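Shown next, in structure tokens, is the structure this report addresses.
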Amino acid sequence: MAEPTTSGGPGADQLRQMMREMIAARVFSDRAFNLQRQGRAGTNAPVDGNEAVIVGTSHGLDPIKDWVLPQYRELVGLQRFGDEVIDRYTLYVMGHPGGGHLPEPIRVWPPQISLAAQIPHAVGLAWGMKLRGEDGVAVVFFGDGASSEGDFYEAGNFAGVLDAPVILLCVNNGWAISTPTSRQTAATSFADKAMAFGFPGVQVDGTDAVAMHEAVSAARERAVAGDGPTLIEAVTYRLAPHTTADDPTRYVPEDVLAEWRERDPLLTMRRQLEALDLWSDTDHEAAQADADERMELAVQRAEATPTPPDGFFDHVYSEPTARMQRQREGFNEHYGLTGGGAS
Amino acid sequence: MSTYEFRLPDVGEGLEEAEIIEWLVAPGDSIRRDQPMVEILTDKSQTELPAPTAGVVAAIHPEVGEIAKVGDLLIEIATDSDQPAPPAPPAPTAVPAEPQPASAPGPAAASSGVRPKASPAVRRRAREAGVDLSTVTGTGPGGRITDQDLVAARSAPGPVAGRATISTTPAPSTDAVGQMPIGEHPLRGIRRVTARAMENSWSIPHIHGMDEIDATNLLAGRAKIKELLRPAGDGLTPLAFLVTAVARALRRFPIMNASIDTEAGSITVHDRVDIGIAVASDDGLIVPVIRDADRRDLMDLATEISRLSAAARSRTIDVGELRNGTCTISNYGSLGGRFATPIIRSPEVAIVGFGAIRQRPFVVDGAVAARPTLPIATGADHRLIDGDVLTAFQEHIAGLLTHPVSLMVA
Amino acid sequence: MSDTQTMTMLEAINHTLHREMARDERVVVFGEDVGHNGGVFRATEGLYASFGEHRVVDTPLAEGVIAGAAVGLAAAGMVPVPEIQFLGFSYQAFHQVAGQIARLRYRSQGRFEAPITLRSPFGGGVRTPELHSDSLEAQLANIPGLKIVLPASAADAKGLLATSIRDPDPVMFLEPLRGYRAIRDEVPLGEHLVPFGQARRVTDGDDVVVFAWSYMVDVCRRAAQEVAAEGIGARVIDLRTLVPLDLEAIVQGVEDCGRAVVVQEAVETNGFASEIIALINDHALWSLEAPVARVSGYDAPYPVGQLEDRYVPDQGRIAAAIRATVASP
């Protein structure tokens, strides 16, 4: 692993911050999982194994200029983009409409359930930024499974044609629910698919946050310089079930999982920082305690946020149509509600 | 100190129950939030449930091996917090039914009088009755014309008719009888309804029996009752006696008080005696029905006959009073006729017609004498009624009317 | 100098695109063949020359990313005006239209909005190959979050397109293939906006009201002329926008006339005519003298060239429906 340097790689403070954020990501994710088991949240996807990918990437970006379009695991690790991200994510897993609303100035999109649909969005966004003369990039996360969708190919192709300042970040964690990557594609790697798009594809160790940071920073520089997109394949392994509704013991080989657990990004980062005397047990405990406290706050806030019963009528259009008004009135009358709401 | 009740949530997107595999905590244990409490087995997987709060385990409920349903109480945890335990996870609620579209008033619902509002069904009935809706006042919501409004419109002949007085001679003015302007007319309204009914009735194979009844005692009896009950007795028409006799005969010969349905393959012998009385109106024949004719006394019948006749003629009669008779009396005698072959009203199987009472030569004690005679003509559905039954039925009526005093015994 | 000019619908569309792009530098037009070629129907003629390669973009052949990129462009603050070459090809983009464009505001609870105007031609009568003529407005109207706009005149093409481009919500702007060159009328040259949810009365009459949209409006107009000679007063209403819908015009028409006919090119089952009749049931049943008649395409996929003329409603079929509805007792 690279020594802390004054140029290129992250300095000591940043490394420690990255460690804290990775720990927090795991803590937030574990809590969300437990909430589901307690009937207080809906289906959600644990982050285990992806922490370095997300946090390393996030530190390679500029939260003020750059955009992140997640798939659905990433929000717990995007603390750098806004303290409120975790509050919104908690609302989201609890099935509250406010969970989709990440307020300005947070440059993070809501989770995307229609896999790979976010990739054309990112390309369009990057294109728009370029048209407006903004010097940021759009980074879009998607999994090995999502890369099989048509949207990936259409968007990648278009990105190349446009020279859009976009980073396509394929998180290869070995599994798309129960489909291993060997059944997902016959290509030698996901990074290789960039050849079809006409821009570089690079494969990176996704368990190494510093390597991720380096790769994303380089891709960002390219994009901002006008040299176009990059496809980054971050290789890691899924260390937890796909979602709260999945039972991986049915298909994940125990021995392979055990091997990859040894390469748990949190473990890896911790060892590396300890070797540099940048991390201690106390730091670790404190980071966990802080994250636990922050998540507890998010849970309390979320559970205290009321949900207007007629809330699904809001934000369909900028102004509701006459018919929607009628329907809303009928709804409130039938259910004996006073109604109200935004637009 | 409060107690958190934790119930089995739906952990697997639509699960209904889970088996308890192992308890990882026991009553009295001090536990922290998210500590695994119990291992459960669902049909998707085996999984641990983490504690929703820190505290001390107060009680655990289902035992290892038991099947718990979603919503069942699993564990009670005593907590220090002053806050009440968070509410139990909401039980899966049934999907609420789609709210009905609000019956909003819509634009300019107020009746501007431009085009009348009425349901498609009312429009059809108005058309068939020849009523112009634009002349009808609607009393329904938003000025809509209802069925009631339609009936009222049909009964009001321009200026509001005064209360009909009890009439004893229910005959329409002879001036209008048989009149119709030259030219083509649409077959509509009551005439059309009647035409259709007649077509139905024509399919019945009729047999008719006829006779003449000596009405001397009938008229004398009637005069006596009128005298005794004066002035109320003034309303007592001979028709009330005829109805009584026919009703009695229908009880005596139930097969004459029936309906037949060859398609359904059934004969229904009715348990009640509801006799229709044909009334002539300007539009044609209307047949109001006297309910339970066999249970009314003469005065009651007289009043009822009068009421129904007046209502029929003034077209204020309720449609319900025109339905479901079990037998019909046609009193064409009130028009002056004597002998006729009355047509049965389907789905009934009999009709009794009476002609005008007139003085005629009658044989009494071997000599010819002048007697008031009452012609009777009975029609019966030969699919059900044979000649002997018809004759016996008619003879019974004749007997009752010849000697009305026999009405006093069952 | 006159303040109006006679234009075909196509010319009006082109004219409006030029105006809107000049008015608002955020407007970006993109799609297949829209740039150098000016569009396969020439709807975008001249835009590339006037506004350059950054604002008029020839995309690869990929409807999915055309629709999907519009989402991102909109979030970046641009006003995307993508084109899907034929509405039948929007099936290739449906997941982005229905699952993403329609929901961007909803999913983000207002953080992002999608002021996208997706233009696409449809409709029969021009001997196109398969999937070039299909009417999909009913399927699109079933997606909350979209606005559905169908001009039937050149003047409305301008007014409605301008309103669409300026609307903060996504608009499916559906253009009638046959109408591109066949429809010609006076178009105001200055600022001309037609609001959504406001129907247009094309002919006057009180015996029966005829509701239609897109190319069928003109066919209904001719049918109304035909029956006028027989003494039947048919009021033809161009609905213009299906979402939002001018319910008042529908109710008023039925209240005034008591009889109604709805005309659509689309497949009969579940076509938008069904929705209109349901609304008449909800709001104007008490004024109906006869069942509402529906004149539409048939329950078969849009057919090949040799068979298409009788598939879509023609003047004769519409006139017959008008007569039957008026004569219904």
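A few remarks follow.
By letter and in written order, the chains are A, B and C; residue numbering begins at 1 in each of them.
Just so it is clear, a contact is a pair of C-beta atoms (placed from the backbone, for glycine too) under 8 Å apart; a residue touches a chain by one contact, two chains touch by 3 or more.
Quick caveat: nothing in here was measured; it's all calculated off a predicted structure.
Across the assembly, the chain pair joined by the most C-beta contact pairs is A-C. Nearest to the overall CA centre, using the mean of each chain's CA atoms, is chain C. Distance from chain A peaks, on a Cα-centroid basis, for B. Chain A and chain B have centres, each the mean of its CA atoms, that are 69 Å apart. Rounded to whole angstrom, the centroid-to-centroid distance between chain A and chain C, based on C-alpha atoms, equals 39 Å. Work out the mean CA point of chain B and of chain C, and you get 52 Å between them. Those residues of chain C in touch with two or more other chains are numbered 247.
Contact of a single residue of chain B with at least two other chains is seen at positions 101, 104.
Contact residues of chain A toward chain B in the complex are 30-31, 34, 36-40, 43, 244-247, 249-250, 303, 326-327, 329-331, 333-335. Interface residues of chain B, counted against chain A in their complex, comprise 6-7, 9-13, 34, 44-50, 52, 86, 89, 96, 99-102, 104. Looking at the complex, you find that chain C touches chain B at residues 247-248, 251-252, 255-256, 258, 282-289, 329. Those residues of chain C that touch chain A in the shared complex are 28, 54-55, 57, 59-60, 62, 64-65, 67-78, 80, 95-96, 99-100, 105-113, 144-145, 147, 167-169, 197, 243-245, 247. On the chain B side of its complex with chain C, the touching residues are 101, 103-104, 106-108, 114-115, 117-120, 123, 127, 142, 144.
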